[in-house]
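Letters A, B, C, D and E mark the chains in the order given here, with residues in each chain numbered from 1 onward.
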Amino acid sequence: MLSWYYLKGIIMLAGIYLLPVLGLSLLTGFTGLFSFGHAGFMAIGGYTTAFMMMKLKVPFIPAILIGGLFAALFSFIIGKLTLKLKGDYFCIATLGFGEAIRLLLDNIQYFGGARGWPGLPLKTTLTTVIIIDIIAVILLRNIIRSRHGRNMIAVREEELASSIIGIDTFKYKMISLVISAFYAGVGGGLLGTYLGFLQPKIFSLTRSTELTIIVIFGGLGSLTGSVVGTILLIALPEILRSFANWRLVVYGVIVVFIMIARPEGLMGGKELSFDIIRNLFRKRVKEVKAEGGK
Amino acid sequence: MLKVRNLHVFYGGIHALKGINVEVKQGEIVTIIGSNGAGKSTLLNTITGIVKPKEGEIFYKDKKLSLIPHKIVANGICQVPEGRLVFANLTVKDNLLLGAYLRKDKAEINKDLQNVYEIFPRLKEREKQMAGTLSGGEQQMLAIGRALMGRPEIMLLDEPSLGLAPLLVDTIFKIILDIKKMGKTILLVEQNAFKALEIADRAYVLEQGRITLEGSAKDIAANPKVQEAYLGKRVTE
Amino acid sequence: MNILEVNGLTKQFGGLTAVNDVTFDVERGSITGLIGPNGAGKTTIFNLVTGVYKVSGGKIVFNGKEIQNEEAYKIANMGITRTFQNIRLFKKLTVYENILTACQYNANYSLFEAMIFGLVPKRFKRNSRFYREEKQLKEQAEELMEILGLEDRKNFIANNLPYGLQRRLEIARALALRPKLLLLDEPAAGMNPDETEKLTELIAFVRDKFDLSVLLIEHHMDLVMEICDKIVVLNFGCKLAEGTPKEIQQNPEVQKAYLGGGNNA
Amino acid sequence: MTGFIQQIINGLSIGSVYALMAVGYSLVYSIMNFSNFAHGGIIMFGAYFGFFFMTLYKFPFSIAFIASGICAALMAILVERVAYKPLRDRRAPFLYFIISAMGVSIFLENIIIATIGPTFRTYPEVFSTQPIKIGNMAIGRIDLTMFIISAVFLVLLIYLIDYTKIGKAIQATSFNMKASALMGINTDFIILLVFGLGGFLAGLAGVLFGMKYTVYPQIGNITLKSFIAAVFGGLGSLQGAVIGSVLLGIIETITSGYISSQYRDLIAFVLLIFILVVRPMGLMGKVTEDKA
Amino acid sequence: AKKEAGDVVKVGWIGPLTGDQAVWGQCESNAVKMFFEELNNSGGLLGKKVEVVAYDTRGDGTEAVNAVRRLTSQDKVIAIIGPNSSGQAIPISSVLEEMKVPDIATVATNPKVTVVDGKVKPFNFRICFIDPYQGAVAAGYAIDVLGFKKAAILYDIGDDYSQGLTQYFEEVFTKKGGQIVAKEGFKTGDVDFRPQLTKIKAANPDVIFMPYYYKEVALSAKQARELGITATLMGGDGWPSEQLMTMAGDAVEGSYIINHLDFDDPEVQPFRNKYKQKFGKDSEINGYLATDACTLLVEAIKKANSFEGEKIKEALEGIEIKGITGNIKIGKDTHNPENKEAAIIKIENGKYKFVEKYAVK
């Protein structure tokens, strides 16, 4: 019924968006900083990747990594300036950054300006996306489960108390921001080589807010939530495709509904960890064995 | 005056109050003692409608009490909450005036304000300071002063002596007695059980959500179990 | 030998001088009490020592090193930590997570190591620093929970703990840093006499076990008088008196400003 | 020179557009402590209300104007009930409110597109489009109206919040609902009042925008600028919102006029970040040291 | 709808049904549906009925890719009409090539929609003229016919169409000896243009080129007049709409527009009336072009006598039809309509008045 080709497209897109979402999940969900500018980091990653591949003939994988690094570098500068800001102030500063990047790209004719940059090599495949996603999830999980991740969570929970137990709160906010920008940058690179085309319009404020919606929809402080949230919210508009004009009406209703019904998001800070799966599996195996033993 | 019947309160899965019966008569001081987490604050919060009970009823002057906080307050029930909860973004004076939010008699309000300043001169000094920057004890004074501004008929005090200097602790208990003399009724939750039992008429002992003892304050104070568990060795000596 | 020396410390908020030219010191291994009426400036001194506020004047010397105006986390890493008068736990984390987070001070593995060794089979990572230290941290956290009697609440969310246990948890979290100087801001607030008694024992025990010096703010006089080696009294931001518990109890000025005439609990 | 003065006039006029939105937004912010991203949606509805009142029902302007304000107020209240109250009851953190608000704003924009369609609509002429001319310079009549309305409401709101009992109750509620309820404040009513007031202002703004520009489903998007302006001025401060708005308006025009219109927003954003670095609480925001 | 492979074929349409371009998308989708409804009523196509599957893209490139993936693989459409912008039309080309389904874009005017690096994209076609052409026509007409020497440009920085027209207008106008005295930008979504216009006023141009859509045209034209600017205004195919007149009123009086057709041409009237009758409002320019795209597709299918994508594609190359927007011949190497003459329209007494057909020399 569902064609694989179509499904594959959605999976790839979800896989690509998973990267910025994961990054934002670290930043918002685990460190408690709210960003409306992650589409900007995606744009930097995307355009850098394109530049590397098209103009400098750098191969695909190094090019997207450089894209990520470039986004990280930008985030470092932005962070230096704005990480001391609180709550909504930081949020508006990131929003400003995202919009500024887009405006800049609109004006840079070397990259095609607002008319976009067509003809990028179509390098993103399902396999690359899935491999990169798995690596990304594992690395992030490792960070979160380490003292560094715990420090970020502490910063989210109570900044003053964190510094009193010796956590350099600024540094951990910075680490979190830089990693999340790196992820977003790589995501941008993959998006460019998936579409074969880049245009500043793609990285609009709406995109940034979509990313944030996904993170919170999935549940703050839950990687599993981010993964599930990405898949659902990328697929949702597709599922609603036949609603035509009513599509986004329904989308809006669903977002509000989830927030009201499950204000902690889908996963609400809980993880479906490997251990749980393993345990479930073991239990099954044991049960089977026990039954077999009878 | 105030009757609590078979009250059950849950926080999610936690059964905090397990069928409580408490009664407070007009003009008396009733104290509730119990260790940390016994459910004392929960009881007060339920009376003022901040927490909704799962089961049970509360009667005030023989009428069933509404569940909506501001209506309860309008009946003349006032709480000095745990953790003070002063309005950090408002000045000391504004905090006090908000205590009299439901009152309309301007002249009387002003009189009460001066009254509070008399009891706590510190507050007068800090009239214009933002309440959030007050020291802990100053905030406690403010919270009590704010409650007094409401001219309640019955006052629920949740650990009023918390964080106060010894000198002030004495003052507070004196004030409580003064309030009683004004014909008001008081339900007092205190960790300083020694002092509380000294001024109270009757007392309840709350343990893990259940009332385990009740009686006149004197009897309770004399109860060896209470002496050991709540009064520390000072009394047992 | 003094672990902390406070010299001419002053702090102003706008026109208000909350701490005015205060000088005192804390002897290594001692428990020093800091008492005074409400609003005398006790908490403000804690905030200055731990780097939460910038000082307006004066010096703070810790272990022979000037630390005034140093960043809070750096001061913490030098070995000073504290509890808060208005409890500030990581509210949504469990008891165990609260302590484990604070233990981070005792580990050195890098972010990179964490990324690499986080999810590899045990036999490969057994010798890694990440694995060793992480194991150690967990043991430390367990140990601290046990010492402070929190082990049966291991998986409780901090915010849902009763007040008294929240205070204990704050102490546990502070101890996780292996501090040299521990500042306790009204640790017995909200405890009944019996619990206060237990806390008194705990503080003494902890001092010996972890080889600490303690600076303590408290309004429970029985606690203060029982365990303090020395007491500093503040009034209106200035030092009013300093001495042994006996001396302080008998000081008429202190009685007038703070203790009151009656037999206080 | 006339060019420069004209640019300042342009800036003031754009600034008052921002201000009209920012005041309502800031009012809600000051009590709920979250950015109500549905504010733009309410403005848009206000514009449509006014349009239909005037064209379909032939209301005279003044009545249509007030009626739109009231309808928008009711809508804002409805939004509060449906999308925020359940969250409030569960004491959800502010992030969730923001997402809920975004959901609402997506819904509002698209329900218009889906039902009455995306076409642009033009108000019948009420104010003369002929600007008031002073020498070589032009001041639009609607601009002047907007400027006056935002100034009047600013004064009224500041009076309400700083000098009346209900205002204190609003401030108290914004800080701590539990404690406010214990003072006998009907917090639910206070919140409805604030949303109602915010909505009313949004409705008026909507009508004026509709007249000045046109009516279309995305007209609410300009609120983004007013959010930024409010941050400029210091969040939650009504004076700040207005000052920030006027400032942003002038910065924008001066940049367009004398530096580069292509990079206008870029420069405005850089300036925003610069101001925030120097004054992290915005221009009028209060800096309070964290009391430990 | 039941999928009877036997007697129904599907044609896809993509474009914005929501978002800020919904006005144009909804009009296109209406026109396409109306076209095929009529076709079905008059016997269908090669004996089969045509079903239109229309998907929303919000005007977003990524969504366009999803929609085209769904159309080509799941709905198995034989061809696609739309989208309305280059940002959507460019990224879908790889999918089209992979699935071998031809697409006729309606108003995607960037040259790179059909040709990149000198190579034509096999499955991308379009029915409209391209940016260089339109920009050049406008510049040529302004300088050669109207005799303007000093031009100002106000354009939407964030919009590809607007940037495209601006670039070519500027190029041609300066090459012909004219002078660009001011070039000001705004950002998509802006509603106030007075700062830019004040600056333009100071430069005192003969003509202001406004290459964007009519909503912004109405606003900027009105504001220009308020500021006392009297220069002639000129624009491209983003202008023509019945709405423009109601929105802008006197402000656009005397302006010149580069359009695809003459609205008063008798051959245009049947469509114009039918649309208005059916949907209760006037069609946007997109409706005319979408209808021509449909005609083009139908003719190609007839010519190929097949519903196979590759055959249709071959038939499209070089095909010649007579549409409502004029004679259209699709170039084999460009996939663009060739030698399509632009219609110069002047606004007089609140009406679009056809002046002449014009091509730059």
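Everything below uses one rule, namely that a contact is a pair of C-beta atoms (placed from the backbone, for glycine too) under 8 Å apart; a residue touches a chain by one contact, two chains touch by 3 or more.
The model shown is predicted, which means the values in this text are computed figures rather than measured ones.
Common neighbours of chain C and chain D (chains touching each): A, B. Path length between chain A and chain D in the chain contact graph, taken as the least number of steps between touching chains: 1.
Relative to chain A, the most remote chain by averaged C-alpha coordinates is B.
Centre-to-centre spacing of chain D and chain E amounts to 36 Å, using the average Cα coordinate of each chain.
Distance from the chain B centre to the chain C centre is 30 Å, each centre being the mean of its Cα atoms. Averaged C-alpha coordinates give centres for chain A and chain B that are 49 Å from one another. Chain C and chain E, compared by their mean Cα positions, are separated by 71 Å.
Among the residues of chain B, those in touch with two or more other chains are 133. The set of chain C residues touching two or more other chains comprises 13, 43, 50, 52, 84-86, 88. In chain E, the positions touching at least two other chains are 17-18, 22, 26, 157, 187. Interface of chain B with chain C (complex): residues 11, 14, 33, 35-38, 82-83, 122, 129, 133-138, 140-141, 159, 162-170, 191-195, 228-234.
Those residues of chain D that touch chain E in the complex are listed here as 3, 6-7, 10-11, 13-14, 17, 110, 113-114, 117-120, 122, 129-131, 136, 138, 140, 209, 212-214, 216-219, 221-222, 252-254, 256-257, 261-262, 264-265.
Residues of chain A touching chain E in their complex: 2-6, 9-10, 13, 102-103, 106-107, 113-116, 118-119, 122, 191, 195-197, 199-202, 237-238, 241, 244-245, 247-248.
Residues 138-139, 141-143, 145-151, 153-154, 157-158, 160-169, 175, 269, 274 of chain A touch chain C in their complex.
On the chain D side of its complex with chain B, the touching residues are 165, 168-169, 171-172, 174-176, 178-187, 288-289, 291.
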